[in-house]
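First up is the structure itself, then whatever we jot down about it.
For reference, chains read A, B, C and D in written order, and residue numbers begin at 1 within each chain.
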Amino acid sequence: MDFNHTEEQTALADSVARFGERDYDWDSRRKLARSPEGYSPANWATFAELGWFGAGLSEEEGGFGGGPEGTAILFEGFGRMLLLEPVMAHAVLALQALAGLPGNERRTDLVEQAVMGDPVMALAHDEAEGWGLVSWVGTRAGQAGGAWRLTGGKIRVPGGQAAGQFLVSARLSGSIDDTDGIGLFLVDGEAAGLTRKGYRMVDNHLVADLALDGVEGELLAQGPDALAALTRATHHGIAAACAEMLGAMDAALWQTRDYLLTRKQFGTTLNNFQALQHRMADMLIEVELSRSMLFQALAAMAGPEGERDRALAAAKVAISNSGIFVTRNAIQLHGGIGMTEELMVGHFYKRVWVLASLLGNADHHLDQFMDHTPIEPVPADIAALG
Amino acid sequence: MDFNHTEEQTALADSVARFGERDYDWDSRRKLARSPEGYSPANWATFAELGWFGAGLSEEEGGFGGGPEGTAILFEGFGRMLLLEPVMAHAVLALQALAGLPGNERRTDLVEQAVMGDPVMALAHDEAEGWGLVSWVGTRAGQAGGAWRLTGGKIRVPGGQAAGQFLVSARLSGSIDDTDGIGLFLVDGEAAGLTRKGYRMVDNHLVADLALDGVEGELLAQGPDALAALTRATHHGIAAACAEMLGAMDAALWQTRDYLLTRKQFGTTLNNFQALQHRMADMLIEVELSRSMLFQALAAMAGPEGERDRALAAAKVAISNSGIFVTRNAIQLHGGIGMTEELMVGHFYKRVWVLASLLGNADHHLDQFMDHTPIEPVPADIAALG
Amino acid sequence: MDFTPNPADEAFRQEVRSFLQANLPADIARHGKRDSHSARADIERVMKMLNSRGWSAPHWPKENGGTDWSPRQKFIYLEEMRRARVPVLDRTAIDLVGPVICHFANDAQKQHFLPQILNGDCFWGQGFSEPNSGSDLASLTTSARREGDHYIVNGQKIWTSEAQRADWIFALVRTDPAAKPQRGISFLLIDLRSPGVEVRPIWSIDEVLTLNETFFDNVKVPVENLVGEENMGWTYAKKLLQFERTSSAEIPHIKRDVIQLKHLAATTMRRGRPLAEYPPFAKRIAELEIKVMALEWSVLRVLHAEEGDPSLNAVASVLKVRGSELFSDVSDLAAMAMGAHGTAVIPDTEGPHNMRPELDAPPVTDPEAVGAPQRAMFRKAATIYGGANEVQRNIIAKGVLGL
Amino acid sequence: MDFTPNPADEAFRQEVRSFLQANLPADIARHGKRDSHSARADIERVMKMLNSRGWSAPHWPKENGGTDWSPRQKFIYLEEMRRARVPVLDRTAIDLVGPVICHFANDAQKQHFLPQILNGDCFWGQGFSEPNSGSDLASLTTSARREGDHYIVNGQKIWTSEAQRADWIFALVRTDPAAKPQRGISFLLIDLRSPGVEVRPIWSIDEVLTLNETFFDNVKVPVENLVGEENMGWTYAKKLLQFERTSSAEIPHIKRDVIQLKHLAATTMRRGRPLAEYPPFAKRIAELEIKVMALEWSVLRVLHAEEGDPSLNAVASVLKVRGSELFSDVSDLAAMAMGAHGTAVIPDTEGPHNMRPELDAPPVTDPEAVGAPQRAMFRKAATIYGGANEVQRNIIAKGVLGL
């Protein structure tokens, strides 16, 4: 067990930090947020060149050897700079779903295409009533005229405005929350019958609700294979969201610290007020515990599925709660200025607010955690001791 | 609506305060806690003389015209002095149950006897699995040889060691949590088949578990009448517990304040540390909100049953949580000395800990509150506006 | 203690409710649902409606156009106003500058300003804070130098709420730079159309405009716009905060918000059932409601207290801290109750708003949901404005606990 | 980052577990269930059992009788010790004074004291705090005046944990009254049987005795009992706190307590079902467990860090604050999980204890429940001792955040 970065990981972290410093200062980012696309296609091309899209996949899978640790390094950095580009949609949710498909040539091609970054892909999986339950799929798929046709609705699809292609989950059989009977389809962004209702979230990320009315799709997997791909995408998405929340709250903490050292009230700088010092200490505690929580989630991703589910659920609960606490207090300790659109600190809060809601909120994940955590009498080997 | 004491209420509050100052200083109270009875029979006689046992009953009901406000005044004072005498057992739980019986001569006699204070009475109602549910009665009552015989078990009966008579709930019919089919019986403390297992709680109050094996009892009420009496006892008991927690936390707050003004660390008295000031402010907030919560509970006790249930449940949730917060922090702000048996401050915590558990804990009462608090769409008259 | 309800109060409540049912225009009630920052045009119409009944500012002295209602009735009025979703009016005028004028201004000032406020003809901005005087208000530096019949005002105010729609601003200004901080301050009324005044917008994180910076560059203010005595402004400002000790608790507004929150929880579906039936969320609502009850009864204690009762300092000090927390929390739950769309920007597309160029909103059909996510963002300000909660805790520690 | 588990660690865990299964006497395991303050007789037997295997103090340097286990292995050892409910040993000896002797004492002192500690023959009390030096330790005034071959010690220590059962005490004493507070302090070892020493009990709110006051009235302490150099005691005491940076997190103990808590929740019935099936309580356990996971992984980060890695100050500082909170919380839940009997005094009637004259306990038959309510009371001390959490937050604010 080693908590330090490997050489490759250090290089990846450095490349993210460098990009943030050179190309993603706060002014540039604010302009992007008001642009029609909501992100920079030029940056997107840079990310492809830097190999970021494949940073969360092993080489055997068609990536650059990163795994979830690579994803975490990227997204912690994204959290610090409040990146707008739909990397989570494309390189985590969609690409990890593809990588989770049974191995065949089609998968290899699609993974390779996604690692190159063109077109932008998005995973259209969540539905209005699902609230984070992976098996909740009400969109139906049926065969007509030799093709699969999808009908239904998807909600708040990350990258849903930028995407040229969608991976869409749809039900082949069973009731709406059956774990079996789900199919995963590739759908062209311009397919007939597909309507996107685009909108913006409070964190300035663009998403879309999709209405599907007999949209043609290519079946990539079904049954357990599709569920496995969706689960893998969700797991990696949760890890990425946790890492991004960590980056955002850590940056918010230290920006607040710098502010307290300079802001004067009552004849002295704010850092001299013990009540604020202690609040900051509580915030630091939450940041460090969140980092630990992310590590345990990453460690569990190589383990058996039950432990992975449990570890990721615990991480989403803990890091969402900590992230809200830290970034909200970052606003509070800034006072009025923290409430302004102009300053970065309020945007950390808004991003964490959204990430805490994506991929199942804390209530959902506490339920998941409890499902995997029995409450039982003392184990027999202990009881036998005396 | 008037939040100020009436003349009679002022007199009652004064008499409690005077008793606390003159006759119940901390040293005397500590000695009582180590005595075999665990309280002072001499004090008990004084309370009868002072009319305290009838302070929570109207004159029509055989009391001295107080009502729940009188009970609240008494118990707030008891909380401040950490009174050990089983007044809640006798004058609230048992006497209010009696006063809640259908009017007849027997009730009048028993109420009169209880108001005089001799013998000590206790309500034996709770059972191990009930966790605060009033209708949970597993003890069975049956007729044999012209008498009612009770068999079963009661748990943590307040005043259970001092009592010369018990009011015992037992089931005549129905399943264990049916609201119907319950009987309320008078049982002599020396009755054959009655076994008391006495013990002490962490707050030094003595209680008992009762085992009943064919114990003879006098049926006082059954069915809706018995349930009404038990409900009334429980409601008044919750109000008394809330008032006592309020008194305890308020006293703990101000004792802590006095300590901070004198205790020196790091070259100054502790009151100069802003982090401690803010903690104290948070404690004061909880104390004042608890007082407001008690008022709303008292106000609701004259209202319809549903509102009463809801208001008392809300009070028990809020005041228990506030009480634990305030008294625990009172220990914390005292530091090591707050952990000693010798100092009063730790005992406030222990008393609140017990009161929070008695008569249904916060989890139970939150459930109760939710049962009485629908979550519904906007009312029609508002929706009609626009 | 006597908690028997007064039947007259219930009758009064019905009177207010009936008045609003009969008179509140439907389009304004619809805007009020959104509870985004109210439009001036709506407020003007509501004020005229209220003024026709003499209800524009019930808590003002009766001789100034207020009422002689009991404190409880004034509270019921506010509850019913919020419950009917009457838009938030010009609080700066009605709650802040109006009472100061009633109590400290001369007759000419009263006759000039009060009727305009009551009729919704004159809107106000507030000028307390400055960039370097936030929580530490007494350190303000905006200056007013006497020159003949005028003050010459120079300086900058910040967080001048609603100044973008206001006609006038009241401002604390320093008239005696040599005096101790609290001593040299005066209370000036300034016409925002005066030359040298500039109002610049501050966008808040909900992307709505209510906050501004207001700059004063050699602004000439006639001396007749001084309220009361020169250098007594700090005293008036402190009094101002006591006129409505209970408003910072925001109970009527929070109760309105709880109704809306419950609506959203009852109508949003989660896995085939209303969210309201999902115990963890229902529990969050219940825990909030219990806290609201405690705060409401704290407000009632203050309302029923006799003037100057010292035992009320403790409970009055609680109101702002807990009220602002709940005001924020209830808005969070409302957004959460919307599910996925609770993270979306849902601009108020019918009513007037200051939202910046915007993509289409998500297909939210329930008007109760419009604006809820942005409201949750904006309400993070509640624990900051009106004296940050950290400052309130200082006040409690020193003023109530004597620490 | 590489989180692949080391298979050797798992093998090591099994080795420790098997050793304890084979060697821990059943009566001691039974006492350990209660987790009340351990009896000296039990500890003596356990120490001899461990010493026979060389496991008495694994974290000491190997040459002093410790081990060369990896940090991870030392942690696993502690986890297994707690999991098997081995009673808490003489932590003052093993964790506090032992390491100081290993690192700073001379050879004669090492040879005299260390083997006795390892074999459980010599028990220790700790002498940090004084009545007027709680969190502000450097202000201590107990004095040691050199007279020939002896120090003459005068003063009073308080919270001298376990002094009532100890043979020796280590004490910070002031040897240079003229120096700056931290400079004039020395680290002395004092035989508690010396004339002039008096140990007086302090009963804590759980009615158990572990705390004491220790008075020194002209106590003669041979100079050979000075550890290291005179006036360097503050440095040694600070080092002492770094030897075991992770122990204040109490993770092995908390994990043991979670197992016991779950047992109580699984076996206590509530309205016909195990309490474990009541969602609000199950949720409390789950929320606690998630916090424990976060803290455990924080401990792992420290254990795997390289010596002196500065990035670890932040995470190390977290351990005491959160660890003490959870240490207290888990004990609250255990008492709550017992239902009505969770408020009762349930003395440990089999094992030795200091409970005062007592009525019969309630008829609790599950030995896992014995002592749980008192434990919940005593654990309120966790956020106070070892540097109150308020002081820890000061340290984080200054030392980590630079505020």
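The rule is short, and it goes like this: contacts are C-beta pairs under 8 Å (C-beta built on N, C-alpha and C of every residue); 3 or more make two chains touch, one makes a residue touch a chain.
Computed from a predicted model, the values in this text were never measured in an experiment.
Going by the touch criterion at the top, tell me which pair is linked by more C-beta contacts: B-C or B-D.
Between B-D and B-C, contacts are more numerous in B-C.
Using C-alpha centres only, name the chain that sits farthest from chain C.
The chain farthest from chain C, judged by C-alpha centres, is D.
Calculate how many whole Å lie between the centre of chain B and the centre of chain D, each centre taken as the average of the chain's C-alpha atoms.
Each chain's C-alpha centroid was found; their separation is 38 Å.
Let me have the rounded angstrom distance from the C-alpha centre of chain C over to the C-alpha centre of chain D, please.
Distance between chain centres, rounded to whole Å: 53 Å.
Of all residues in chain C, which are in touch with two or more distinct other chains?
Within chain C, the residues that touch at least two other chains are 280, 283, 390, 393.
Which positions in chain A touch two or more other chains at once?
Answer for chain A, listing residues that touch two or more other chains: 273-278, 366.
Residue numbers of chain C touching chain B in their complex, please.
1-6, 17, 20-21, 24-33, 72, 83-85, 259-260, 262-263, 265-267, 274, 276, 282-283, 285-287, 289-291, 293-298, 300-301, 304-305, 314-315, 317-318, 321-322, 368, 390, 392-394, 396-398, 400-403
Name, in rising order, each residue of chain A that touches chain D in their complex.
Residues 1-6, 9, 69, 72, 257, 260-261, 271, 274, 276-278, 280-282, 284-285, 288-293, 295-296, 298-299, 302, 311, 314, 317-318, 366, 369-370, 373, 375-379, 381-382, 384-386 of chain A touch chain D in their complex.
Hey, which residues of chain D end up touching chain B in the complex?
Going by the criterion above, the answer is residues 129, 132, 134-136, 139, 158-159, 202-207, 211, 269-272, 278, 280-281, 336, 339-345, 356-363, 373-374, 376-378, 380-381, 383-385, 388-390, 393.
Which positions of chain B touch chain A when the two form their complex?
Counting only chain B, the residues touching chain A are 273-275, 277-278.
Going by the contact rule at the top, pick out the chain B residues touching chain D in the complex.
Those in contact with chain D are residues 34, 126, 128-131, 133, 136, 155-156, 176-177, 197-203, 206-207, 209, 264-267, 273, 275-276, 328, 331-332, 335-336, 338-342, 346-347, 349-350, 353-354, 357-358, 361, 363, 366-367.
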